[in-house]
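What follows is a set of structures to go through.
Next, two complexes with chain A in common: one pairs it with chain B, the other with chain C.
The block that comes next holds the complex of A and B.
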C-alpha cells in the first residue's frame, strides 16, 4: 500500500475498516472479522509500551473491570471470562492493574523485558493489611 | 416526501439571497449548518424559514462559528447528505481551514459566498477579497453577476459537485449587496424541474452505510499526502470541466439560459477588452455597448468559472486583442492582481501581441462607475494603438488622493 500511486487510491483520504461487506459485525468475534489492511486491528500499535501487564488467572474473579476500563480494547474476554491481553494493541497504561479489585491483584505491571513465567512464579501473596 | 411544494410565478422579484434560498429549497438540502453573516444572512435564514414552514425535509444546525458551520457541513456530507451553507468575508476567512478539509475529503458541499471585503478596516460591502482567499482551497468556484445567475448556478454547482467523477465542493459567488440585496426579475424553474435537473443525491463512501464502515479525514504524512493532493488537483483539472460543460448544456435545454466557462460580450471583432467578475461585468457591458455605438471596437470578458481556471477559454477569448485590462476587485497586497497574473500566465506562451495591464478597483464596495469604465476603455485604446502598455502595469481606479500606479 505504501508504494501505491496517485491513481490507485480511493478518493477522499478515506479508509475502509473491512474487506467487503461488514454484515453482523457486532456479533462476530474480532479474530473472525475480515479487517482490511487499513484497520489498526491488523497492525501492531504496541511499540510505545515500556511496561506490560501480566495476567495471573489464579486470582482473577472475572469481574470484567479491566475489560470495561481498558482504553484500547486490549483485554480479551470471552463469555465473560478474562482470558488474556492483546499485546499487539496494549499501550501499557496500567489502568487494568489500577482497577483490578482482587487481593493480590490478578494483573501487575512489569518491565517489557520481564519473563512472564518468572513474574508469575514470584507473584506477591495476599496483603493481610487489606480486606 | 413529506414536504409541500411552492408554485412559483414564471418571473419572481427576488434579490440574490432569496434566489439562492429558493434554489436550496428546490434541490432539497438535507443539512444546512450555518452561522449567518452579513450580507449572506438571508440565504440561511431563507432556508430555515422554508424548513420551518414545511417546504423542506431537512435539518438546520445552528453552530457557534463559521469554522463550526463548515465543520458541521463536512460531517453531514461525509454522513451522506446533500449539504449547503452560505457565508461572507470574515466568516469565510474563519472557514478557510475547513474548506481545505472539505475538498481534500472530496465532499460535494455547495457554499454560497456573498462577496464582501475583509477587515481591517471593517467593512460589510462587496469586493472579491473573500473570493480570492478561497482560490487555492480546491473548491470549484462559480461567479454570478446578478440574482438570476446566483439562482441558476446553484443548480449547476450541485449537479457538477455531486457527480461521482468529481466529488469536489463548489462555491457560488455573488457580490455583496449589489447582487445579494438588489431585487430583480428572476426567471424561475418549477420545483419538480429544478429537483430533477440536479437529481436525487447519490451518496459515495457515506458514513451511514453501516455495512461498509469508513474512516474519513485520515492522516497521511510524506508517504501518501502528495498522492492524494495530486489526485485531487488532477480531478479538478480534468474531470470537472467536462461535467461543467454538460451541466451548462443541460441547463440551456431546460431553461434556454446559456452559460460559458468564460463569458464574452461584444468580442467578435474587438480590439480592446476588459476582463472582470461579479456585478462589474454588467456595467462594463453597458459601457462597451455605448462605445460600440460610437464606433470603438471594445468588448467585455467575464470569468464565470474561477476554479478550475479556464486557461484555454481565456486564451481563445483574448489572443486576438490588441489591449486587455484585467480588473481585480481585491487588493493583491504586494503583487499584481490575480486576474492579471492568470491572464498573463495563460497568454505568455502564445503568439498574442496584446498589451496587458492590471487594475485594482472597487475595494470595500466602492462603486465602479460607467465614467471609470469609459476612461479605462479609452486608456486601453491608447495601449492598443501604441502596441504596448503606455501606463504602469498596475493602477488603482476610484481611490481618492494622488494617483496610485505600480510596476
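The block that comes next holds the complex of A and C.
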C-alpha cells in the first residue's frame, strides 16, 4: 500500500497502522509495536528543524512537563523518567524548553548543527541559566 | 463501562503508551496534537475515532501515512460526529444481538472537529447526535478560526480578532461579532455532560475526559487550541498562551452536568488582565492602536461579566 502511487491506490481503502494483529495497543510501548510502513511513526520530520532541543539529564527532576506538552510525542519517558528525545519526530518547536522548570533548564535549544557534547560541556550554570 | 485508567499524577501519566504518532504534518507547536494526546492517553479502552476535515484530519492522514493507532475514520467536513454516531449505533445493534466479536472489551466512541466544522458547518449534525442520545463524545478543537484553509473567521472567532475574511485595517477592528456559546447550546440538549477544557490544565482535562467517557450518553467537550499560525505567536509559546487564556478567564474551565448543574473547575490564584492575553498574539495587535484601544476595555468587561455569570450559575445549582 505504501509503495502505491496516488493514482494507483484503491479509493476508500484502509491503511493499517500495524503489521498483523495488534492487541492492547494502549498497553504496548512504541519499541514493542510492529508498526506498518503506513504508520507515520516510520517517517521522519527531522528536516523541519532549524533548532533542536538538547537534554542535560544532570539537572532533570523528571517532572514530565516536557512529556505531556510535547506536541510530537518526541519526549521519551520510560518508568516515570525522562530518558531522551526522539529526533526523527521532534519538529524543534521549543515548547519542552519553555515548560522545563529547572534552573538551569534541563533542555535548551541549539542550532541544528551544534555538537551535542559541546553543548553539554558548555551548559549554563544556575545564575545565568534562567532564560 | 471500562475500568478507569489510574492517573494520580504526571509521572504516572507519562507511563502511557501513546496511540497518536509523530511525523504527522501539524505545525511545530500545534496545540491540536497536545489535546489529542491528553485525550487518548486518558484511557486504555479501545477507541473508535473520527475527525472532520480540518488541520487535525488533513495532517494525520497524508497518504500513504496514518498517525492513528486506533480505528479512525474521516468522511467529510460536516460529519465527524455522524461518522462516529453511525459506528456507535452499529456497535449497539451488534451488542443487542449478541454478535460482538470481542464482547468483553470496552469500546469508546470519540469524534474530533475544528470550530469551523463544529460551530458552523457540522452544527446540525452534532445537534442531531446529542439529541438522539448516542453514547459518544464530541470534542471541538477550538482554535477560533478556519485554520486549515488559511484563517477565515468562524462563529468561534472572538470580537476584535483579525481573520482573513474579517481583516483589521483603517476602517475595521476585525471580527465584529463575539463567539457563540457552544457549550451552553450543547448543554441545552440536556446531555449528561458538557465541559470546556484547555491543554495546559492536563489534570482537569484527564478528569473531564475520563468522566465523559464513562458516563452513558452524548458528551460535548470544547477544547481551547491555541494556533501558532493563525493567532500569530511563536511556536514555543503555545503553553504560555494557554496559561494566559485560562488565567485571564478568557477561557474559563467548567463543566455542566445533566444540562444544568454547572461547576467551575479552575479558579486562577492570580487573575491576569485580559490585555496581557491580547498583547501576546498578532491577531489582536491592532487593538493597541489609539483608535481601537476601547476594544480592550470591552474585552475585559465582557470576560468579567461571563465570569460573574458562571459563578452565579454555579451557586444557584439550577
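To be clear about the criterion, the second predicted complex is superposed on the first by the 114 of 131 C-alpha atoms of A that agree within 3 Å, B and C clash if a C-alpha of one lies under 4 Å from a C-alpha of the other, contacts with A are read in each partner's own complex, and residues count from 1 in each chain.
The definition used in the following text is that a residue touches a chain if its C-beta (ideal position, glycine included) is under 8 Å from a C-beta of that chain, and two chains touch if they have at least 3 such contacts.
Since this is a predicted model, take the numbers as computed values, not measurements.
By the document's definition of touching, both partners, chain B and chain C, reach A:9.
Residue contacts after overlaying the shared chain place A:47 against neither chain B nor chain C. Of the two partner chains placed by the overlay, chain B and chain C both lie in contact with A:17.
Of the two partner chains placed by superposition, only chain C is touched by A:80; chain B is not. Shared-chain residue A:117: touches no atom of chain B or chain C. In the superposed model, A:58 lies in contact with neither chain B nor chain C.
Of the two partner chains placed by superposition, only chain C is touched by A:95; chain B is not.
With both complexes placed on chain A, chain A has more residues touched by C than by the other of chain B and chain C. Overlaid on A, the two complexes show chain B and chain C touching the same residues of chain A, namely 2, 4, 6, 9, 15, 17-18, 22, 25, 38. Those residues of chain C that touch chain A in the complex are listed here as 10-26, 28-34, 37-38, 43-45, 60-70, 199-200, 202, 234-240. Chain B makes touch with chain A in their complex at residues 104-107, 167, 205, 210-218, 220, 223-224, 226-228, 230-232, 234-235. Listing the residues of chain A that touch chain C in their complex gives 1-4, 6, 9, 15, 17-18, 22, 25-30, 33, 37-45, 48, 62-65, 67-74, 77-80, 82, 86, 88-95, 97-99, 109. Residue ranges on chain A touching chain B, taken from their complex, read 2, 4-7, 9-18, 21-23, 25, 38.
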